[in-house]
Amino acid sequence: MKTAFIGLGRMGAGMAACLCRAKLDVTVYNRSPERMQPLVALGAKGASNVAEACAGADVVFSMLADDVAVEEAALSPVGIREYLRPGAIHVSCSTISIALSEALAAAHREAGQGYLAVPVFGRPEAAAAGKLYLVAAGDGKLVETVQPLLDVLGQRTYVVSERPSNANLVKLSGNFLIATVIESLGEAMALVEKGGVNRHQYLELLTSSLFNLPLYKNYGGMIADGKFEPAGFAVPLGQKDVRLALAAGEELQVPLPFANILRDRFLELRAHGGDQLDWCAIGSLAARDAGLLPEH
Amino acid sequence: MKTAFIGLGRMGAGMAACLCRAKLDVTVYNRSPERMQPLVALGAKGASNVAEACAGADVVFSMLADDVAVEEAALSPVGIREYLRPGAIHVSCSTISIALSEALAAAHREAGQGYLAVPVFGRPEAAAAGKLYLVAAGDGKLVETVQPLLDVLGQRTYVVSERPSNANLVKLSGNFLIATVIESLGEAMALVEKGGVNRHQYLELLTSSLFNLPLYKNYGGMIADGKFEPAGFAVPLGQKDVRLALAAGEELQVPLPFANILRDRFLELRAHGGDQLDWCAIGSLAARDAGLLPEH
Amino acid sequence: MKTAFIGLGRMGAGMAACLCRAKLDVTVYNRSPERMQPLVALGAKGASNVAEACAGADVVFSMLADDVAVEEAALSPVGIREYLRPGAIHVSCSTISIALSEALAAAHREAGQGYLAVPVFGRPEAAAAGKLYLVAAGDGKLVETVQPLLDVLGQRTYVVSERPSNANLVKLSGNFLIATVIESLGEAMALVEKGGVNRHQYLELLTSSLFNLPLYKNYGGMIADGKFEPAGFAVPLGQKDVRLALAAGEELQVPLPFANILRDRFLELRAHGGDQLDWCAIGSLAARDAGLLPEH
Amino acid sequence: MKTAFIGLGRMGAGMAACLCRAKLDVTVYNRSPERMQPLVALGAKGASNVAEACAGADVVFSMLADDVAVEEAALSPVGIREYLRPGAIHVSCSTISIALSEALAAAHREAGQGYLAVPVFGRPEAAAAGKLYLVAAGDGKLVETVQPLLDVLGQRTYVVSERPSNANLVKLSGNFLIATVIESLGEAMALVEKGGVNRHQYLELLTSSLFNLPLYKNYGGMIADGKFEPAGFAVPLGQKDVRLALAAGEELQVPLPFANILRDRFLELRAHGGDQLDWCAIGSLAARDAGLLPEH
């Protein structure tokens, strides 16, 4: 099976490397060509544009930052849809809106191509190690076809629906859940700290008892340290995902009161110049509102 | 060391049984005397009132439902303060308000008695098995004195502060955190379910990947099943803890936006007759707001 | 000055009629042609499409339901921009998004045409009576040019900015303010009614003392009566305006906590089939949450 | 009818003066005796304690700052209940909790005394001019008896219920409504100002069109000016009233989402040292969150 991989950011680079290490036939493409070098070193072919990447491919993966980048790479006149052969499959791994995922599904269907949404959970290290969790949705036969590739990328694939955009919905809901963990830790820490409890000790208590989970440890640790740079996942990206979750809620008519609060937290951070911070910096705002922290 | 245990509800009974099994000299007291039987069978002496329980005791534990019960048992004319000998220690394990914990501290100090707040995390099964997590605060020497007893009750004791009420604050903040888990799962499930994803499958995905934690599994499972009876921890108790967390936030001047939303959830449940439900029934309200569930 | 008026809904019909009664040279256009009849009876010429309406016009007013309708009427290949002569002015009175208003400004600028945003406050009766409040923004000279026409339409014109979209921002913020009045009345009425106070009497008290304002009387009366049909301004329109206000807040990085709550109220109403209700039906949800009203 | 007036703060002094000017037989009492002087100059007798004020009185008014002050003045061993003769009436005008109002009702009933709750709307100037709005609740015959006195104090009396505490509920709900006006103006102004609209001009627009009401003008003006000192009604008092409204909502099981937001606003202000500000300073926080204002 001839495979192409478009988008070699922190996540995509690791994923493409896994495919290379599995001795698959991989062509890679990235807008900034220097990021293709390490993959070529691992045996990939480098393409100079999307058209070249798609030429002859059976499966094209894309892993890009946001709706704008995916729309450009997939639906523009120089995009995947134009160059992918009928019958081949586009596996979109990016975290994108429900609306765009549905537009991709329709566009590929019209062009006689397959389309799967397979967003992922996990950080760059998990991507590099082939340890991601994959959330797949779309036609069952297509999933079967690409399953061997997905097995290379992740430790488990969850097939959630025949409707591709449902995988995106699950991904957005998952990021929403993570953001609620951050906010709730921020509030709880502000409360106990203002009462006189040391927040590092408090976090150790939580994460060695009822909240013994990397999510709570990692984000809790960053909040306790007040250290939000360098960003693993920056504020504008976190804000985007909450925005997309809210947009999905609006489309589906589902009120999401916790998401509203997250929305305002991100706006406040950005209004005060927090774009370069890790998204878990929203967990510092409760302490700030309580008068515990130096002002922005 | 002569020990007394007052309050043999689902939690207290298990804790007292642990002390008995450890071959300690234990006197128990409960308002409904029939609940003392199993403990007597384990070797405890049964007292017919608080005064009798306190007679000669070096350490008195209390584990009661709420502020009203604790105030009656500890501060009334027939309460612990009246009958505990100077130098003996009252270990209060109940989940109570900061204000009452501070009143207890002051009252015992005046009476020349010791006071520790040692609220616990864990369910009745953990209490029965001596596997609780204990959060202790108060004078360090007193903690040292009772530590052997605490070791019988729990798998670990976290000493968080010299100020007893800080243990209560930590306990309240912990229950707040659990409630945020419930609400966020309720919102996320409503969102994906209305989009067409099966909520049991969704929960399995979450709890076998990023949210692999009993808390998410247990409460998520109840929400997915829509089964909130019989209550392990009933709505009025959950509401009480959120109310006390908010009261602590008000006292300490810490805004808690997530807690506000939880507050309204509990009010809505109670206004619709949900008093007998498990507190995680608040996790069903997002689905109801989204038009997914039959109305109350 | 030759004038055209596009969009003869409940608001536009009244506004166009004012222009006719002022003996101005008016051409009208509406997609459903039967709505042009009453205007023709008042002396207007009827056009059979936007092109014909624009032919020779010095000023074209548009008053349409939403972004989609305005985009179609103004920016499509059969829209105002294509047919308006250079130097003529498009006066957009619709309640639209900041983004579309800025797109219109750019498009007309490129085409050498003038563009003013002049959204209005007031109900259909005020439109018919020439008693609207007009909020104008754009180039000062253009405002001056059309001022005599605006004087026919409204009792007062507020010029708020040189930037057209700022008039739309003011309009959206105004509708947001009205929606907060509705929600706050809904909450206050639910509270006092559940305590045993008659809500009609309560409203009379409010509106004859501190809240002596038609807004409070009218919306309060509908909430007290529980009568939300027929809709003067339907739920999806109210929702749209809150959505646009939130979108403006997101663009400008301004958290709007009250608007978040309004957002959820509209979603809940729509999820329960409330599309045909007047938007002030959100004022009934507090009572429903409190268990006072029959369920949806 | 022999009348006593207890509590000569800014409101009480004006009310008592009205009674004096109406040539009634008035005895006044205030803890700080110097505030009695101006009333004595108007013909009142000065009492040196509550007992003396109550001696021979047919009606005793009380107008005090909060629950603590009212409880001391009415229910303590040196309070009104001890000294008022059976059959005489206590008219409580203070803004107090539902719970205290019900405790007062019960205490006076037991003592064979009458009790009416008659909280007022209006500022000190309205009190001095006899132009208050009075909200009365309690036994109808008692209201009839004191009506001539109420007519001296206010421009209108609204009798809302036979249950005294319902008047307090209405008062609390009214202050809640005023606070929502402040918050919504704060959000709207932050939004338009960040978009580039002058907030003074914006306020003039609002208050000369749809929001032509002193409430919007006065509070809007203070927010636009950013001038919150000296306080007409200080932050802790505003916070208290929102707290009492929330407490009433909790007791009656009525969720109040807008009130939750107000609650957090007051906490944030106080956490940053805003106790001496006028309560409408909460209207500045939206702008601060949006990065528009200098930090606290």
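A, B, C and D label the chains in the order they appear, each numbered from 1.
Going forward, contacts are C-beta pairs under 8 Å (C-beta built on N, C-alpha and C of every residue); 3 or more make two chains touch, one makes a residue touch a chain.
Here the structure is a predicted model, which means the values were calculated and not measured.
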Higher-contact pair (C-beta pairs counted), A-C versus B-C:
A-C
If chain centres are mean C-alpha positions, then the most distant from chain C is chain B
In whole angstrom, the CA-centroid distance of chain A from chain B equals 38
Rounded to the nearest Å, the gap separating the Cα centres of chain A and chain C is 39
Expressed in whole Å, how far the mean CA point of chain B lies from that of chain C is 53
Would you please write down the residue numbers of chain D that are in contact with two or more other chains?
249, 253-257, 261, 264, 267-268, 271, 289-291
If you look only at chain D, which of its residues touch chain C in the complex?
98, 121, 133, 135, 156, 158, 160-161, 163, 165-166, 169-170, 173-174, 176-178, 180-181, 183-185, 187-188, 190-192, 194-198, 201-202, 204-206, 208-213, 215, 245, 248-249, 252-259, 261, 286, 289-291
In the complex formed with chain D, which residues of chain A make contact?
264, 267-268, 271-273, 289-291, 295-296
Touching residues on chain D, where the partner in the complex is chain B
243, 249-250, 253-257, 260-261, 263-265, 267-268, 270-271
